[in-house]
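The next part holds the structures, each set out as C-alpha cells.
Next come two complexes built around chain A: one with chain B, the other with chain C.
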Partner chain A sequence: MSALNLFAGPAPSAGAESFTDHTRRLGVRPKGNRALLDTLDRSGLVGRGGASFPVGTKWRSVAGRSRGGAVVIANGAEGEPLSRKDQTLMALRPHLVIDGALLAAEAVGAKRVLLYVGEAHRVAVASMTRALAERPASDVARATLLPAPPSYVAGEESAAVHFVNSGVATPTAVPPRPFERGVDGRPTLVQNVESLAHAALIARYGDAWFQSLGRHGAVGTVLLTVSGAVIRPGVIEVPSGCTVDEVLELAGGVRGTARAVLLGGYFGGWISSSRAGTMALDPKGLRAAGGSLGCGVVSVLDDVADPLEVSARIIQHLANESAAQCGPCFFGLRSLAAATTRLARRQPDDGDLAHLHRWAAMVKGRGACRHPDGAVAFMQSALSLFEPEFAAAAGGRGRMVS
Partner chain B sequence: MAQLEMWIDRTKCDGHRLCAELFPEGITLDDWGYPIITPGAIPPRLLPHAQRAVDSCPVLALALRRVARPSAPAPAPTATT
Partner chain C sequence: MNNTILWYTTRGAGAVSLVLLSAVVVLGVLSTLRYESPTWPRFLTTGLHRNIALTAVVFLALHIVTAVVDPFTHLGWLTAVVPFSSYYRTFWLGLGTIAFELLLAITVTSLVRGFIGHGTWRAIHWLAYASWPIAVMHGLGTGTDTWSVWMLAIDAVCFVAVLAAVAARLLTTSPDPLAADRARFRERVSRKTPR
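Presenting the complex of A and B:
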C-alpha cells in the first residue's frame, strides 16, 4: 500500500536522482504562472511543515503583493527532532524541491529563491548543493543555498526571514507576517520543501491526478517519519487518508505492545494507541478535527516505557529550544519542564501537578511565535492521556499504589 | 471611532510590571510577572488608563492598535511552516 509519488523513480539506495535522470523521468519543468495558483487551489494541497495551511491560498497572498519583487524560501530547516522526512526528500529527490521552489517563484512573482536547509542535515545539504550545480545557469542565478542553524525554532517562518535579514534565526513579533513584509521588507513565501515537491508534480500532472492519490476523501500522498517501538523505523510515503494501523504495518509492525502514539511530533500530541489505530492520516481532516498531522511524525510508545519520563524529556527539550525572547515561553516552559521532571522522578513538590495544568493554560498564545503553543499542546495531551500516571506520581510519595 | 486593542511585542517585554499597575482592568500578571492581556476592544472609558500603560512601558513593548480581523493566512501551531 506504500505509495510512490515523490519517491517514485530510482530506489533509495541509488541516492540522489541526478538532474538528467529527473528530467528524463518527469519531463521538463513547466513554467509557473497564475494558472498554477488555480490548479493548486483545486488540488487541495496543504502545507506539510506542520500548519497544514492551503498552499494555493498561501501563494496567492504573496502573489497579490509581490509586484515581481517577492522572495521564496524553501524551508528545509527540519528542526523537529523526530522528523526526518524533509532531509530524506532533499537527499533523494533534490530536483523536485528545486523545481517546486522555482515554480513558486514564477507563480508568485519572485526573483530570488533561498533554499534553507538545516545545516545539521549533512546529506541533504550535500545533495542540494550538488543538485543546484547541475541546474541550468538561469536556475542557478535565481536560487541560493542557505544553511539553517540547528535549532528547533529556526524553521519557524518569521525566524527563517529574520535569519536571512540579520543572521539571527529567532522568531519576530507578528504582524507583519512574512507574506506581508519578509526578506528585505519584501513579500516572502516560506514554504516547506515537501509542499514544494508536491507542487512540482501537480504542475506537471494536474489537480485531478493529485486528488486521485488520496484515500477516503483525502488528497495526495504524505511523507511520514515513523519511529519508536516499531520494527522498521524510517521515512515512508503513504496515501493521505490511510490509517495509523496501516502505517505501523508498513513499518514492520509494533515492537511489543503499543501504549500511545505521538502524532505530529513534539508539537503534536499523545493519542492512545487504541484510538490512534483507526485514525486517518489526512492533514486536512485532522486539522478540521482539531488535531494535527503536523510535520508527519508518527512515534510509538510501548507499554514498557514510562510515559512521564518520555514526556519530561520532550518538554525539557522544548524548554531548552525556546528562543528565550518571550518571558511566558522562556519561564513558562522551564517551569513546566522542571515540574514534569520531578513528577517523572516520583519526587514531586507540593502542587506540581496542579501547576502543570495552570501553567499550560497560562502560557498558551503568549509568544511571538507558536513555539509555546505547540509545547503546551503537547503537555496537555500528556496530562490528559497519562492522567493516572501523573496522579499516582503526584500523590505517591511513599504511598503504595496497587 | 475605531476600536482599539492592546498589542504587545513579546520579544521586547521584560516583565517590568508597570502596565499591570496602571491598567489593571486590562492587564494582569502571570506567575512569572509577565502581562496577560485581556483580549478584545478596550472600552472607551478605559482608554486613558491603557494609554498610560503604553506610555510607561520602559522597553516600548506595548501599543494600541486598531481592532482588525486578519484577512490573510494566520499560521497554525508549527515549527516549520
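Presenting the complex of A and C:
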C-alpha cells in the first residue's frame, strides 16, 4: 500500500542519498524549459506547503514576468510543529529537492536559487549543505543555502522574501505578491521542497506516469506526517487518494480508541474519527469535502486525551506565533487562546464560549497574511466537533440545535 | 412642481452629504489616533468610518443626479464629470466636480484595497484631505442656502469638528500598542543573511 516514489531507493537507515547514487539511480537531470510548464500543468501536481495551489500555474506566473532575472526559493522552513515530512525529505533525498529547484529556475528563467531550510531542522540543514557541496560547480554557483528562523510564519511566502531582502522573517502586506515583486524586486517563485522533488521526477518520467501513481482519480503520491495516538508515528509516502484508515494502518494502527483526527496541521481542522476514516487524502477531494490536506499532517486524538486542553495548546501556540503586525491577529488570537485555556481548565469566565464563536468570525480575513485565517479555521473546527465538551466546560447544558 | 422637488432634493442631499463626509473625515482621523474607551472600542471607529462613507456616497449621488436632471438648471452630464465645463457658476460647480472625483477615487480604491496593495491605497486615501475642503468651498460658493442661519450653523459645526480632529492628529502622538510585541517578535526572527 505504501508508495515509494520520492523515497524510492536506499532505505531510510542509509541516510542521505549521495549525488553519485542519486544520478546512477535516476539518471542525469533533464534541463528545465517551457515545455516542462505544460507537463506540470497536465500532471495535476499541486503545492504541498499547505495551500494546494497548482504548481504549473504558479511557475507560469513567474515565467511570464521573469525576463531571465527571476529568483527561486525552495521553501523548507517547515514551521508547522506537527510536520516532519519536509525535513525528512531534505535529510534523505536532498538531491531531489535541489534538482527540482534548478529545474524550476531553468523553466521560469531564474539565475538565483535559495534553499530556505528551517535552522532548527539540524539534520536537514547538514544534509542539504553536504548535498550542495557534492554538486557540479555550475549548480553550486546558482544555489545558496539560507537557514530559516524557527517560527510558524517564517515559511509564509512573503515572509521568506522579506527575510532574504532584509533579514527579518515577517510577512509583508500583499500585493505585490512575490511572483510579481519578490527578492530584490524580482519575480520570485516560492515553492515547497516536496513540490519541487515531485517536479524533479515528473521532469524525468512525465505527467502520465505521475497521474498513474494516484488512486480514485487523485494524482501522484503525498508525504504525510502521522502523529498522536498511533503505534508507529512518522513520515510516510502514500498514493494520493488513499483513505485515512489506510494511512493509520500503515502507522501500525491506532493506540487505544480514536476520538478525532487533526488533518492538515495547526491550520487544518479536527474531523471526527468516524468521518475521517473513509476520507480520501487528496488535496482537491478534501477541499471539496470541506477539509484540507494542508501540509500533510495526520494527527490522531484518542478518547482519553482532553480535546479542549489539546486545542487550547494549539491555539495558544498560534497566538504566540503572531508577528504582532496586525491588531486583529495579535489581540484576536490572544483572546481566543485565553478563553479556550480557561474553558480547558474548567474555570471559564461568563460568556467565554459565546465570545469564542463571535471573535473567531470577527478575526477572519483581517490580517496582512493568512495566519489569523488559519488559526480561526482550526478554532472553528474545534468548536464544532467538540461542541459537547465546550458546552459542558462552559457550565451550560448545550445549545438547542433545532 | 416636479422640478421644485428635484431642486429641493439637490440642496438637501448636498447639506446631508456635507455632514456625513465631515463625520467620515473625523472618524478617519480618529482611527489613526487609535482612540478608544470602555464604551467606544476601536473597531467602532473604523466600522462607522466605512459605513457612513458608503452612506455619504449615496447622498452625494442623489445630490449630483438631481442637480443634473433638473430641467431648470440645464447643467448636463458633462458638468458632473469635467471640472469647470459648466456655463453656470463655472468655478464653484467645478470645485464640486473635483471633490466628487477625488472621493470616487478614494472610494473605489478602498473597495479594491486587497488587489492594489496597501501603499497605493494609502497614497490615494490622503486625497481626502484635498477632497473635503474643496467640497466645503463648493458648498459655500454656490449653495442656495449658504447664508441661512441653519446652514451656517451646520458649516460651523462641520468645520470645527474636522479642524479639531486634524489638530489633535498633529499635536498628539498615539503610541502603537503593538510596538513592543512586534519588536520582540522581529528580534526572534531576525538573522544576518548572506546577500
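Rule of thumb we're sticking to: the second predicted complex is superposed on the first by the 392 of 402 C-alpha atoms of A that agree within 3 Å, B and C clash if a C-alpha of one lies under 4 Å from a C-alpha of the other, contacts with A are read in each partner's own complex, and residues count from 1 in each chain.
Heads up, the rule we're going with is that contacts are C-beta pairs under 8 Å (C-beta built on N, C-alpha and C of every residue); 3 or more make two chains touch, one makes a residue touch a chain.
Every value quoted in this text rests on a predicted model; they were computed, and no experiment measured them.
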Fit-or-clash call for chain B and chain C when the two complexes are aligned on chain A: clash
First (chain B), second (chain C), both or neither touched by A:Gly167: second
Partner chain(s) touched by A:Asn192 [first = chain B, second = chain C, both, neither]: first
First (chain B), second (chain C), both or neither touched by A:Pro149: second
First (chain B), second (chain C), both or neither touched by A:Pro176: second
Partner chain in contact with A:Ser240 - chain B first, chain C second, else both or neither: neither
Which partner, chain B or chain C, touches more chain A residues: B
First (chain B), second (chain C), both or neither touched by A:Cys295: first
First, second, both or neither for A:His371, with chain B first and chain C second: first
Contacts of A:Gln325 with chain B and chain C, given as first, second, both or neither: both
Offending stretch of chain C which, after superposing on A, collides with chain B (from 4-12, 22-30 or 94-102): 22-30
Contact residues common to both interfaces of chain A (with chain B and with chain C): 153, 170, 173, 175, 325, 327, 362, 368
Chain C residues within the chain A interface of the complex: 42-43, 115-119, 177-178, 181-182, 184-186, 188-194
Chain C contact footprint on chain A (complex, rising order): 144, 146-147, 149, 151, 153-154, 159, 163-164, 167-170, 173-176, 322-325, 327, 330, 362, 368
Chain A-facing residues of chain B, complex: 9-15, 30-34, 36, 70, 72-73, 75-81
Partner chain B, residues of chain A touching it in the complex: 47, 49-53, 57-58, 61, 75, 77-80, 86, 152-153, 155-157, 170-173, 175, 177, 179-180, 190-192, 265-267, 287, 292, 294-295, 325-329, 331-332, 335, 358-359, 362-363, 366-368, 370-371, 373-374, 377
